[in-house]
Every structure is written in structure tokens, then in C-alpha cells.
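Here subunit A shows up in two complexes: once beside subunit B, once beside subunit C.
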Partner chain A sequence: MIREKETTLYLGPQHPGITGNMMVKLKVQGDTVVKAATHVGYLHRAFEKLIERRNWLNAFTLLCRFCVPEPDPMELTYARAVEELDNREVPERAKYIRVIVMELARLQSFMLWYAGQAGSAGLYTLGQWSVGDRNYILDLFEELTGGRIYHMFIWPGGVRRDIPEGWKDKVLKTMDYLEKRQDDYNQLMFDNTIFQKRAQGVGIVPKDKAIEWGVVGPPLRGVGIKSDVRIDEPYEVYDKLNFEVPTAEGGDIWARALVRKEEFRQSISIIRQALEKMPEGEYTNKVPNPMKWVVPEGQAWAKTESVRGEIGFYVASNGTNKPYRVHAKGAAYTHGVTVLEKILPGQNIADVSFIMNSLGVCPPEIER
Partner chain B sequence: MTELIKEQHLLDTITNTFKLKGRVIRDRRVEVFADKELVSSILLFAKNQQGFIHLAHMTCIDWIDENKFELIYTIWSPVEKIHLFVKTKIDRENPEMENIDSIWDQANTYEREMREMFGIQFPGLIGEQDFVLEDWDEMPPMRKDFDTAKYASETYFQRPGREDAKDVRETISERSGTKVPDFAKKYSREK
Partner chain C sequence: MSFINLKGILQPLGALKQLGKKPHTIRFPEEKVEASDNYRGLHFNELGDCIGCGNCSTICPNEAIDMIDLLEVTERKGDSSLRPRIDNGRCCWCALCVDVCPTGSLNLTKDYIFVSDDPNDFLWTPGVDNKDSKDRISYTSDTNTSLSMYDRVPMRELEGKERVKSFAEVVLGYSEEEARAEAQRCISCGLCTEVCPENMHIPEYINAIAQAKDDDALRIIYDNNPLPEMCGKVCTRLCEDVCALQVRGDAVAIRWLKRYATETAPTVELIKEIVDPQIEEPNGFTVGIIGAGPAGLTAGYYLALKGYDVTIYEAQAHAGGMVMYGIPKYRFPLDSIDKQIQYMESIGVKIKYNTSVGKDITFDEIYANNDAVFIGIGLQKPWNIGIKNEDSPGVIPAIDYLKIINSEGKYNVGKKVAVIGGGNVAIDGARVAARFDAEVTILYRRRVEDMPADWEEIEGAEHEGVKIVPQAIPTRIIRDKKGKVEGIEYVMAEMIAQDGGRPRPVAIEGSETIYECDTVIGAIGQQADFTWLPEKYKEDIVIERGKIQVNDLRQTGDTKIFAGGDSVKYGNSDAISAIADGFNAVKGIDELLLNK
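Showing the complex of A and B:
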């Protein structure tokens, strides 16, 4: 009898499935979800509007806060859009440093994902390990940029400063360590029966609908579609580095986890190659006085591959020292609304936060 | 420009089919300008016949001096690896645009956001009226004539002791009896 009665369940705005605040309004029968609707609005900080009142470089203090677990792709994407408007060349060395920063950012974000994904299945040990190890990467960031989470390091024209002495060796050492540690994570996660049972066949994104719903990144590769901005539209020096774009079949949480597991390896390999191939030279093509820097009139679109998928920035200039319009589209914008609302019906309530984590839903990115 | 053959071919196909203006911006970037009535036909044509299956992004720019909203649809072809921007301008007074969520489900989210942030109506759009903002009865906030500073000063009160909204550097120098350095004065609010 209880199964027939439909009840409304408000999941959130605070719950373990997510970085930030977002509510999912669920209609449930028993413990099965019948209908889901995403409610955002708890984190709206009007960044896009505020950026219009600031100069081109001031925008960086806001940009990196678009998504807490991975601030760097936002900086890079915006910087690339501004460079396109301003016709600003980036020195080769800066491109390599950017790639290293991006891949380190990817690794630290993967480690948060390990923690979140395992934590929402009840495997708390893994979260303690990976978040603990993540601090080694944050240490590297602190030495390079001065900040642990928000870096504001990638600027139009290059990066803010050159890599410090001895930093390269520290990165290589950390990579060796993480490579070994990942085996431990994987053992704890993929060999665990609870994780296997909970992840396999749950939260399936149908292959034929994936692109229509706006699925990007690991969830798209998890349905067997090989798509990665680093390959499709290579930026910086990704076309000079060797790496694989892993895919998996099935479209469930398990497939997405397999993709991320392999991408972790690939990121380590990219960092090693980039450190080896990085040439000497300038690290920035310095921009003029930021208070007076005028970017020529025009519109530009840039996209990069973040850990959760494609991130794009549309930037319009009217030829003044402030951006006329900046619009950001992150992976969560579609994953957290359309995709989530479509795949939740039929799932168990206990799996909702598990699914959200595997899709990489990041609420601050949805509402900005 | 031999290397832009693909882009030029795409531009010619679309501009000739719909009698439009457009240009190749650079490699992998093509833009076309269309009237608002044509946008959904162009998008459908591009999606079904040219392989632009991925809607990468949709946005709106408020060109207040022209009294127009510019809507930009960015679509991507995974096969050709080209971005096509379909751009259209609509009136700022009673703005209305065709709803394209039957072409891409995900367009629904963008349209709901634009309805809220710019006040553009999309007839037939399903989804609750509120997306990010709740109980908002002011002017749609992303419009250029919405003044955030004015709104903030009218809605919120200053913290006690900061009613005069005086530059913090001057307040500190008054309290401590030290001089404000010249370089700091340059950026002072009180000239």
C-alpha cells in the first residue's frame, strides 16, 4: 500500500552528494524516485553581473570561484577568450606551465571525486586517504601560485610567474607517489563489492540521448563516445603530448568511474611529459596597466576540458577597459539540471547523491 | 586561406540555403546572422543535415545602446569539429524568442535562465518560473540598466560605523592619526 502513495521529498540544499548547495525536489513512491526537479538559487552570487563592473584582470578573483573543486579551468578558459579578443600571443613556456597547472588541478579534483564518490557509498576510508594525499598537490600549488585552492595564476598572455627552483623535482616526486597511491585507492574502490553492486547498472545515461541532453566529459566517455576538448580542439600544447582518451561502455556510475580511474593515470603521464618538454623562455606576454588596458571590440568563445567536462566562456567586449558580457557554461549546467532530472526517475533515494557525484554536479557553476 | 575550406564550405551551405550573412571567424569558428524567425530552422538544418548535434552554449547580450538583445546559439559538430554561432537580434521591448527545447532538451535550462535574467519570453517553455532568483519582482537583473550598486544601497543597510561609506583607508588614518600614502589616495573614492 505504501508504495502507491506519492510523497514529496526535498533533498538538500545541504547533503553529501554535492559541493555547494542545491536542492532536488523528489516525488517518491516508497523509496523509488518518480519525478525529480532541480532547484538552484542558494549560491547565486551574480558573478557575471559583477564582472561587468570590473576591469579585465579583476574578473579573475571572481572567475575561480565559479566552481570550488576546480578553479583553474575557469581561469584558463576566460584567459583564452580574452587573448583571442586581444590577439595576444602566449609564450611556449607559459603554455607548458598552463598544461601542468591544468593537469595538477585535474588530479586534485579527481581525488575529491574519489572521496565524494566513495563517501556517498559509505566507503569513508578512501575519502580520508585521497583528501589527505590531495594536500601534496595543494602544497605544490601553494609554492607555485601562493594559493592552495584559488590561484588566479593563469592570466591573459601567460601565467603570473615562472616555476620556482626545485619545484619540478617536487612535482615528479609527487607524481611517483600518487601513481603508487592510486593502486591503493582503486583496490579500495573497484575491488569493493559494495561499490560494485551500487555502481553497476545505476544512474544510466542512455547513449542515444547523451548528446541531446548536453552530456559532456567523463559521463559522455562513459557511454562509449570518445569526446575530449583536448583532442577535438587542442589548446595550449595538448597536441604535442601523447595521451589517451579512455572510454567505457554502459553509461552507468561504474563506467564513469572506470573512465576517471584511467584519466588519473593519463594526467600523471601528461605532467611528466610536459615537465620534460618544457622549453626555456618567457613565461608571460605582459599585459599593459590593467586599469587602462582596453580590449578591442569583439566577441570570443573559448572552451577547455575540465575534469567534469567541457567548460566554455563567451566573452564580449565593446572596446573599453571592462568586459561587456561574460557568460560561463560549465558541465554542471546541463548535468545538474536536464540530465539529473531525466535519469533520476526509477532510481532509489539512497542513490541520488551517489549519482549526482558521478555526474560531477557543481551547483555554484549552475547559477554562478 | 586554403586551410579554411571546411569552414568556408559550411558557411556557403548555410548562407545560400537561408540567404543569410555570415563569416568565417577563424579555423573551427563560423558565424551567421539571422532574423529571429529563421533561427530554429537554421538550428534544425544544422543539427539534422550538417551534423551539429551538440548545443554547446546559448547566451544573451544586452546591447542597450541599440535597444536590442543579441541571442547567440553555439553549436558544435563532433565530426567536422567546427563551432557554428547562430546570432540574432531581438527588440528589448517585450522581447520574445522561439523556444527550441524540442530540438535540444538542454536548451530548456538556458531559456529559463534568460527568461529570468533578461526577461525574454519563450512561448511554450516548460519549467517553473523561478530558476535561480526567488520572488524577484524587480527588473531582470542582467539587463544593463539594472544598477546593482543602487539596488544594494536601497535594499541593504550599511554596517554601523560605515554609514558614510567612506574609504576605509581614510577611516583608518583618522583613527590612527597617520597619513594616507599618496599611492593610496590615487584610488580613493573621495577625490
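Showing the complex of A and C:
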């Protein structure tokens, strides 16, 4: 046995395998990670603090920037917290539009995940496909909201604009296309021996620790625990739609990938149902003049299911036209700090970014 | 799992079939990508529609918009002449600026490519620097999607039929909830402040009302207007004509909000407690004021606060001037006037009633005994209608009629009344006559939309059954055998467009019509009466076309004499301009006596 000296290795903040500007400081022995520490701070833009200086409405232009791959859950969660404080009813149609936006956001985020997960295993073809196809969803977003990545579309009281004419059909057409395309992705990923061998038994989140560590979303469902805010505490109109929450056993990268693969199908089904059931009517319960809009004193906590798991917003108002405090708690913090640091020891260096991608770590959301 | 998984090796090779497919890629720049119809790209501002309210700049979360003065913009009323300039390096394309633009002039376009190596190039003015983008507008906001609140909280009023039964106040005022909702609509652009003759702090007090700080609102109002109760009820509200929201919707009810603020302090004691006027130590100077109208009272109030010894000489038994005697009580009740006057007197303004200058006291005496004199006599002498038989019994000038009603309570106008004129005084005369069961018709030379009267007054008159005959020029009064009015003859007019002026009414031949009536009320304007002023003063004081000439500090040719209100040639002939005159004269008197 060769005794090797322990070396320090800095993975990131500039590294193609890192899911954003953060760094994992690794102590390695040979190819094996002995100790891992997450270092953030490269992205800190003080969003939560900046929001305190903005009025209730123009705070939401910052929220979506909490996480680039999935900006919409931030908007929705904040809007729901503010609506609770303000006792603001949301029209039924707006709720359906919100669900459609959320599921489209989920789909486009899964497609980025396909690219990242496959790319970090050296399988670059899949990334070309899924990121390319993702543009079809961004086109839909562009037509609906006017923006491709940052939509700034869901705001307190409803949504900003009604769906444009002909949009519904375009969505359905895109769904049909993506459903077919996912088979291509899966063929390249799940039927691939290399991927199977890399993913199975790697990056295991222990089932008995998952709850204790605060694991949420696909990683939690990947250990066989059926947990999803959309089912457990349904919001908007999720209780009126039929969908399954898939689970898998094992807690490894493979299990998490299986969960996401099935969730992709479920999202397509949710969008189809929502488009069919969506009633006519108002799309917003318009807030008053944003410069003077005062939200009653109080505090509220709202949570939704983002792609990476449960995300919650704590919003406090002291009865003025600006939020007193807005605090976001997303999946990235637990997954990127607590969980990552605990499961990396014993893994191969080459698997670090592979594991990070499968946990859904989003550095800007950690730093907010 | 066996080591060799043949399926797992062969399956991915299926990807090779994609080689035969047509690529999805758009080959930019050979192929152009057209943005969607709703795209949020670079800004475009329609300069002519923009009023420079600055709402875009206020909402911008990135402070990417500042308002700059542009040479391209011609000055006009209700336009700050400022236009937004965007720092495209800071913009995040959230389009909140579009959604709060009250006029809808600011939009986003389909353009999204802008390249330059100089950071300063990213700072440009939409509509000036990208004129061609006008055809590429994509993201817009209409009155439905806009965040501006275009609908005014309706004011509760007495029913038209109820109103004519008495002189009860027609407008009932906003409730607290209604006032808060209405105040919330204001975008604090301050265009109103610019046109208000008195430059009242309108956005500030509306903001206080929106934030449920009514006491603050009242204090802010009293800072430069000691007669808010009056303004809250009868102001000509030039401010509302330029409100940013009236471009696409209803102006903020600025007047009614001021009224609401004053209603939160129903007694003199409460006003004093809230406003807490700080009266300076007496400075030893005395000022005599002629006329207790809005101008004189305002000058008196602020002079008294500054420690001057102020005496107002009023010919009538009540203070208030034209507001007291010219405005009907259903618009401005007596107790409201009394409350304001009592408050004035409580801080040391002395008013000598029934003291007519030239009769009960000479001007020489006032001039000699005071360090400065302020003249605010208003317009008391009505103009003649200028038609045949105008001297017949049954013809009465509107202000005389209103004065009699306001002081004595009644005057017999008979069953049918014709009112001549289209201003507020004409409408007042008509609505008062309607309260005595008379059938009232207003004859006006021009169209209804040309009437100088307040639109709400015109509407009110119509609700109360007053008939308006526009484009009618009176020609003569018809008398009965005893010489009393029996009717009025008028001709219809057509409007002839004129170069550089408003259309002129020209009589249509053969269109003579006779309206039978018992009384003719003339309301075609008034003039000032200067007979009380000794000739020697007229050498220094310049009186041109019946009005006194003053400088910005409302100082006349005689440096010791100041003047304000309707009888001076400065600003409009309304109460708020009179208040502005009084307020500015105080500055002038300060400068004269204290050299401040």
C-alpha cells in the first residue's frame, strides 16, 4: 500500500464542473476526497438587503436573480408571502397561468440539469441537445412575458399579462415535441453503460440522515421519501390537477436521475391539464400604485416546490411601502453546504462536480 | 451486473441517427432572429406624449433612469420638459417603467442589440437617439395593464332633486377610507405644484393622507395656505388639469383630498393644536390691509405670524370677500368661512368690519398710520351686458344677485330665468335660481366645451335641471308695458375658426329666438372700483385696464403699497391666485421693512 500525502485542491470558483461561482476546498489523498468544505462569497450581491430599500413591487425584479436556472419559483414564493400579508385574493385564471409558468420553468431547468449531469460525466452531446431544445421553452416565455430568462412575470395579486393569442397551441405543440425528445435524451443517458456505472452507488445520501440534514426535492425523493410541497401543502391549483410524485430507492446519483426523468413527464402532463382546465377571467388582482402601496404590518412564510426542492420566503412588513425583511431559504443552501460537505469524503475527485450537479446546487441562491 | 453490457454500449450509438436530421440552429447573422410581439428590448419614448412626470425614474429598481432637460421639447403646461434618459448598462429590462408610465409614452421595443466600446454610449435618451425604433415597439401598457390607477374614487353628492330643495352642501366629502384610496393614486410627480399659483405642497400632503398621517397633511397645507377649507371646496384647481393621470384617466381629486384634510380638524381649537402656529415676537411694524378677501386674509395671516401688527378693513359685515358673498352656500357653507376667520383672529389678525375705505375711514389715514399697505379689494362692479333695455327692472347682475341671496337669503326671480355667461359666476347664479323653483336657462355665446366654468359645476347645474343653450348671443331684452322684463331675444351663432385664436362665434342671420322670462341675470365679468383711492396715489400706482400693475412681490409703483387678488394684473382671477398674491406680498413687505 502506498501512503500518499494529503493535498489541498481548490475546485472552483472558476471551474467548468462547478454549478456557479463557488468553490469546494478539497483535501485529497490520491484520487480520493478526504475532506470537503464549501466556500461561497464570490457571488454575494446582498439581494435580501437591497430589497429592504425597494418598494414591495420593484423588489421582485431582484428575486428572480436569486437563481438563474429557475427564477420563477422565487417570484411565486415572494408573491404568495406578500399576498398573505396583504390579504390579496388571486383570480383563478392567474393561478392556472402561474402553475403553467412554474411547470415550464421546471422543464427548462430539467433540461439544464440533463446538460449538466451528462456534461460532468463527459457526455457532451446530450447537453447540446437539451440546451438547444430548451430554447423552445424560452421562446414560449418570451412570448408570454417579454423576457427569456428573467421573466419578472408573477407578482403579488396574479400575473403581469394575460396569455397571448395562439400561445396555448404553441405550448401544446412544444410539449409534444419535448415528450418525444426526452426519449432521445434518455437513450443517451439512462441506457448508457458509462452513465450507469458512473451514477450507480455514487454520491449516496443516507436515508436515515436525509431528513436530519434537511434534504429536500429530488434528492429526498431519491431515498424513497415521498415529499413534495405541491402534494403535501398544495398551493395555487395543484390540488385540482392529477400528477404523481415519483420516488426511487438508493439515494445515489442514479436514483435522483430517475426521479427527475419521471418528473419531466409529470410536468408535461400538468401543463396539458392546466391549459385545458384554465378558466376565462381576470389574470390579476392589481396592486395599488406601487410607490404608495403599503402592506399591513405582520410577517408571513410561504413555501413552494422549486425544481431543487422546497423553497420558502419569510417576509416581514412594518406597515410601510417597503419590505422590512425578506429572507429566502432554498434547497441550495442545505444541498450545497451541509449535504455536499458530508457526502464528498470517500468519493473520487472526478465525481465531485457529478455529485454537485445531481444535488442541484445553485450558488447564487446560497448567497442571496 | 455483468461487466460487458452490450445493450448499454450500443444504445447510445442511436444518437447517430440525428446526423440525418435538419439542424434547428439559426445561423446568425445570416439569418435574423425576430423578437416576439411582447419582447422587452431597448426603450422607446414618444416625446410628444411624454409629460416628464418622472414616474419611470422613481420606480426603476436599478436607478438606471434619470430625467434630463431636452432642447427638443417645447414648453407647455403640465409638462416638466424633462425626459427620461436610460443607462442601458444598468437596465434590467423589468419594464416596470412601462407599467407605471401614466401616459403610455414609454415603451420597450424589439431591438436588443447595441454594441459600443465606450461605456458612455450606453447612456441615451429613448425617442431622441433611436427615432427609428418607433415602428418596432413591442412591450406596451394600456389602461388595463398599467399600474397607474386611472379611476377616481367617486365623490358622494346629494341627489340632483334633493339639492334644489335647499342650500345644503352638495358635495358630501370623502370618508377616511375613500380619502386613503384616492390619495394612494397620486404618483408624486409634482406637475401640479408647478401650475398651482401658490405652489402648494400637493404631493407631500397627499402622501401624508395616503400614509394615514392626517395631522401632517394639515400642517403641510397650512404652510402656505391659510384658507384650505375654502380651497378644498371651491378652488379652481388648475392642478387637476395637469395631473399626470388625467392624460389617460381621471386626475387625482386634489381638491377633495385637501377638503378631507381640513375636515379632520372640525374646530378652531383643533386646527390650532394640530397646526401649532409659531407666532414671532412683535416686530413693531404695522400693516393695514384693505379688503378681507382671500388675498387680504392670507397676507394678514402670514404677517401676523411674523410679528406684524395687522389690521384688515372690510366694508361688509362678514370677512371672505367674493368667497363669502359671491359663492353660493351649497358650495361653501357659512360655518366653514366662520371657522377659518375665527382661526385667523385667534392668532392675532384684527378685522374691522363694516368699515368702508373712503367712507368710514380715509385711505390717507391708513397710509399714514401704517408702515405698509396691502390692497385686496377684488372686483365688485359688474360689467354691463351691452344690449338694449338692460336697465329694465328684472335685469340683475349675477354678483349682485348672489350677494343678496348670501346676505339676505331671498330675492324674487319669478318663474323663468335667463342667465347670460359661461363662467363660474353664471353657473352659480343659475344653480341658486334653480333653488327657488325657477326654470333656468343659460345662454352662452360659445360651445359648452368652451365654457370657462368648472366642468363639475356645469355637470352639477345640468343635474339640477338647468338648461344650457350654447352658441346663443343675446341681442335685446323685451319689456312688457310696465317696462319690466318679459323675455330676451338671442341669435344662434356658428363658430368660425380663427388663426391663432379660439373660434369666434358669428351670428347666423334670421335665427332670432325669444325666450320668455321674468328675470335676466348677467354674468359676463366684473371690474374693480377705485373711486375710493385719492387721485394723488394714482400717480404712482399704475392702473391698466382696470387692474393694478404689480411686480413679483406684488409691490405697486408706490413702494409702500402692495396689492393682490382679482384687482391686480397678475395670474388668474381666482381665490388661489389671490392667496398666492397675499403670500408673496408678505415676502415683499418683509423685504421692504425688515430688509430680509
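Note that the second predicted complex is superposed on the first by the 363 of 368 C-alpha atoms of A that agree within 3 Å, B and C clash if a C-alpha of one lies under 4 Å from a C-alpha of the other, contacts with A are read in each partner's own complex, and residues count from 1 in each chain.
As a working rule, a residue touches a chain if its C-beta (ideal position, glycine included) is under 8 Å from a C-beta of that chain, and two chains touch if they have at least 3 such contacts.
Bear in mind the structure is a predicted one, so any value in this text is a computation, not a measurement.
In the overlay built on the shared chain, the residue A:A316 is in contact with subunit B alone; subunit C does not reach it. In the overlay built on the shared chain, the residue A:D184 is in contact with subunit C alone; subunit B does not reach it. Once chain A of one complex is fitted onto chain A of the other, the partner contacts of A:T145 are limited to subunit C, with no touch recorded for subunit B. Of the two partner chains placed around the shared chain by superposition, subunit B is the only one that A:W213 touches, whereas subunit C remains out of contact.
In the superposed model, A:R54 lies in contact with subunit C only, and not with subunit B. In the superposition on chain A, contact of A:V171 is made with neither subunit B nor subunit C.
Against subunit C, the residues of subunit A that register as touching in their complex are 54-55, 57-59, 61-62, 125, 129, 132-133, 139, 142-147, 150, 152, 160-161, 164, 184, 187-188, 191-194, 196, 286-294. Residue ranges of subunit C in contact with subunit A, taken from their complex: 5, 7-9, 11-12, 14-15, 18, 24-25, 35-40, 55, 58-62, 92-96, 99-100, 108, 138-139, 145, 147-149, 181, 183-188, 207, 210-211.
On the subunit A side of its complex with subunit B, the touching residues are 37, 40-41, 44, 46, 48-50, 53, 209, 211-214, 227, 232-233, 299, 301, 303, 310, 312, 314, 316, 324-325, 327, 329, 333-334, 337-339, 342, 367. Residues 28-29, 53-57, 59, 61-62, 72, 74, 78, 81, 83, 85, 104-106, 108-109, 128, 130-134, 141-142, 146, 148-149 of subunit B are the ones that touch subunit A when the two sit in their complex.
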